[in-house]
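You will see subunit A twice below: alongside subunit B first, and alongside subunit C after that.
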Partner chain A sequence: MAVRSTRHRRWLRKTTLGIAGLVGFLTVWQLIPTLGIVDAQYLPHVTDVAVRLVNELRDLAFWRRLGDTMTAWAIGLAIASSAAVALGTVVGLVPFLRRATHTTVEFLRPIPSVALIPLAVLMFGIRMQAALVIIVFASFWQVFVQVIYGVADIDAVARDTARSFGLTRRAQLRHLVLPTALPYLMTGLRLAAAVALILAITAEMVIGNPGLGRMIELSRSAGDAVGLYALVVVTGLLGLTINIVFRFIERRTLSWHQSIRGEEVL
Partner chain B sequence: MTTQATTVGRPSRARGVLHRITASFLFATGLPVILVAAWAAYSTYSANRFFPGPLTVLDAFVDTWVGPAFLEDVVPSLLRLAGGILVSIVVGVVAGTVIGLVHWLRDLTEPVLEFFRAIPPPVLIPIVMLLLGITDTMKLVVIVSGAIWPILLNTIEGVRSTDSVMIETARAFGITRAERLWFLVLPAASPRIMTGVRQALSVALILMVISEMFASSSGLGYRIAYFQRNYLIAQMWSGVLLLGLIGVFLATVFGIVERRVLRWYHGIKEVDRG
Partner chain C sequence: MKKTLAVGVIASLAIVLSGCTDSEATPTPGSTDSDLRPVRVAALPITETAALWGGIAAGIFERHGLAVEVLPAQGGAYAIPAMINGDIEFTVGQPFGPFRADLQDLGVVMIGNYASSYADGEDINAVVASAASGITRPAELAGRKVSVNSLGAAGDVTIMAAVEADGGDPSTIEFVEVPFPDVPAQLEAGNIDAGWVPEPFVTALVSRGDTLVVYPYQATIPGLPTLTTFTTTALIERDADLVADFAAAMKETLEWAQDPANETAVRQAIKDNLELPEAVADTVKLPEFGWELDRASMEELAELAVKYGVLDRMPNFDRLIQQH
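Right, the complex of A and B next:
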């Protein structure tokens, strides 16, 4: 009981301070244009941004753009992660392939995906496909590398045991490879989801296919500072939501795993 | 891994060594050579003008980037990139150490920092442009505004998870605050800090390119966008190639630095495993 109440108190303190920090941040933001340190034309008042945010949330056009962005994000992430899981499993399980692909992967992986934007535009024009090329390229490596590490991490004793018990290839995949690689895969997916969102919005800003990124670019060129700030806040909230959702999925699917169980005991 | 295991305890003969070197050389270069050959074959037989052959791209690479263009477009971009990364590392590590050490400060700032990290960095470009105009400082600030978060948050996390027994021992032995920071807290946090720096490098490179595509009349990003708009396909590919090389270069330099900084850490892990 005593442990529980200290933990509760700590949680209360943390939450109060966190809210205080958030309020403090918003107050400072409000004060800067009010005191004239930065012109409200460049840094609008928080209140104006909040009002605009609420107005946007009631606007169907906004939701449609949000839908565009999230569609590109979801399709890109799905293509990248399924390709990465399939290829990563094969490459990770076959030592020959792992050695043969190492230098190529290490060369391709650091290529900034935005470098492919011009190419994607030439190939697909101002459409979602162009954005997908970039999203897939960027998020593929996140999952691929994690899957290779994960598959290679199989415990030697467990593998030999499975072999000597005569487990079929399929059973080995199901009971040996999957549980070992799953934590790595979940990490990769979480990273890939964040990267895919960044690239989805970036692509819309630079290429100009419809979505939140294009709205941001339009409000910038129209000099609509309030709208610009409101949309940036939206993208931040979106990023935060994706983080939280993927952390939740990670905890649920790995509830049996030591790393999650260990945290709960403490 | 396997090659090491089989040679342990056996006197390595010169022929075996030579054989092994040849094998790893073939493994390292085999696939890249095959891929480039496939690319060359494809571009020779297909009429797709968006995929010029490797030789054409190489020609364009030499024509476009070797010479004055290197000084005008590439060097300023790289300097901004290096400056942005440096500022992010210094500010991120210093601020992260302070926040990580002070309990209430961490609780106070955590939600705000988490929010800033969740903002996709490129959307900060229009805001920084609005606040600072289109200047060199703006491009630097753009890079820092995106690259600082992974370093800052990882430093906080790393500092926070320093072994408390070690801190108390150090205190009990009367080790001064500055020494404790330098010899205990920072080394303990360094694996996390390096993870943050690695993430920051790729964000910084992306932001460098995009900020130049958006608001510039020079620089690597601007050049590539310009080539694309004018259908200079081979030149555009050469730009993509150059960006790729910069990315690989950054990753290699980081790998070398990381191996030096974290040599003790990898050593401990090696012992743990063995």
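Right, the complex of A and C next:
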């Protein structure tokens, strides 16, 4: 009972702090145009944006656009992470491959994937496939690098033990590699999910394939700051939701791991 | 936790029950008709595109057996690659895209005009200077910071010509790239002395006290085409019928849009497709729509571009312009 009440108190404090931070942010935003620091024409009042946001939520066209964006996000993330897990495991387990690819990976990884947009459009036109190229390229590295490190991080004693117990390759993968690499993989996935969202929206803004990003560009080219910020708020909320969902998955799949268990005891 | 969830569910239910709307509810007529040939057209998301949207809504393209999908091409930079790749069939865009494509032998062909500026009276775009800059005439733009939406196109070329014609030195103008919607804020902040903008920004800026300096198109080449329609030689060779049908539909559409009787429908198309305030959509000045290409004006524009070093050499107009 005592444990429960301290946990409850901590949860309450965390929530209160979170709400206070949000209210503070919204107040500052509201004050900036009200005090005339920035003209309300360029940075609209929070209240106007909120009204527009509610109107957008009632518009089916908005949900279709949201669906377009999230479809590109989900497909892109799925392709990127499955490819990264497969390749990352192989490369991470074979020291020769790891050394052979290291320089190439470090060269490719920092290339801003937005720079590939002209190539993607030339290959696929003004379609979601072009956006997928950008999304997959950017989020692939997030998972790939984490998987390589995760797979290589196997404890030497544990490995020797597994060997002396005569575990098969398959059993080693299941009982040795997977538990070691999983925390890395989950971190990689969470980062990749956020990066994929950023690039899904960027691609729509630049390429013009349907989605929230294109709506943002249309609002901008019409000088409609209220609509623009309403959509920007939506993208922020999306990012937040994705982060919460992935943290939840992370906590569930790693409930046995000390990084998660430790958090509860503290 | 459960309480928050319940509140969330109730809130979303409330939104749903308070009635959903669908701003895209106007179904594209005949989109289910399998006899129609699908055509993808890239066009800028600007008020000028109203003629195309309006023509589609009025069923003109459908009568020619075409189901047209309009893709907003930002700045048109990706329209030509997408067209060469075969993803889209036609593009409505500024003439400098095809000029450059021709210089690189990309096989791009202008098949018709789309919109032109006005030879006299109020024009559809202008250079507007901030009141603080004190600029009142073109010659005074020399040595100042002037914005255009994209460098190396009709904007800076005609502005240089207008400044030179007024006795200023065009080589001293410092051109910067600022998207049209950002010009009002940049002028106000003093980051630029003058900006080249189309409607509705011209009216908005002048009514807040900024100075209309010059209509660069009208001052240089009166009635200069602003938007033309182009496709690829590959498509013309592969499907000449499609190009001919599209050309016929475009001609009819532009005549329809130019007819004062249809102005309400054209302005309705702006409201349906752009997030513009109603009042702006009702008053924004529309260009002159027409399908006949004005080759002489375009050659003059290209000559000016070569003179000011924007283009290396003249495009091959015999190859580039094939009026359909």
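In the analysis below, the second predicted complex is superposed on the first by the 242 of 266 C-alpha atoms of A that agree within 3 Å, B and C clash if a C-alpha of one lies under 4 Å from a C-alpha of the other, contacts with A are read in each partner's own complex, and residues count from 1 in each chain.
One rule holds in what follows: a contact is a pair of C-beta atoms (placed from the backbone, for glycine too) under 8 Å apart; a residue touches a chain by one contact, two chains touch by 3 or more.
Computed from a predicted model, the values in this text were never measured in an experiment.
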### Message
Looking at A:Ile37, would you say it contacts subunit B, subunit C, both, or neither? Reply first, second, both or neither.
### Response
neither
### Message
After the superposition on A, what does A:Arg127 contact: first (subunit B), second (subunit C), both or neither?
### Response
second
### Task
Answer with first, second, both or neither: which of subunit B and subunit C does A:Leu197 touch in the superposed model?
first
### Message
On the A-aligned overlay, A:Ala156 touches which partner chain: subunit B = first, subunit C = second, or both, or neither?
### Response
neither
### Query
Per the overlay, which chain contacts more subunit A residues, subunit B or subunit C?
B
#### Entry: Contacts of A:His102 with subunit B and subunit C, given as first, second, both or neither
first
### Message
Which partner chains sit in contact with A:Leu17 here, subunit B, subunit C, both or neither? Use first/second/both/neither.
### Response
first
### Message
Let me test your reading of the model: by the given contact rule, A:Gly236 touches which partner, first (subunit B), second (subunit C), both or neither?
### Response
first
### Query
So which positions on subunit A get touched by both subunit B and subunit C?
42, 117-118, 121-123, 205-206, 217, 219-220
### Task
Using the touch rule from the top, collect the residues of subunit B that touch subunit A in their complex.
2, 24, 27-32, 35, 50, 104, 107-112, 114-127, 129-131, 202, 205-206, 209-210, 213-214, 221, 224-225, 227-228, 231, 233, 236-237, 239-240, 243-244, 247-248, 250-251
### Task
Enumerate the contact residues on subunit C facing subunit A in the complex.
15, 18-25, 40, 42, 45-46, 71-74, 78-79, 81-82, 84-88, 179-181, 184-185, 188, 200-201, 274-277
### Message
Could you list, by residue number, the parts of subunit A that touch subunit B in their complex?
### Response
13-14, 17-22, 24-25, 38, 42-43, 95, 99-104, 106-119, 121-123, 197-198, 201-202, 205-206, 213, 216-217, 219-220, 225, 228-229, 231-232, 235-240, 242-243
### Message
Applying the document's contact rule, which stretches of subunit A touch subunit C when the two form their complex?
### Response
39, 41-42, 54, 57-61, 64, 117-118, 121-127, 205-208, 214, 217-224, 227
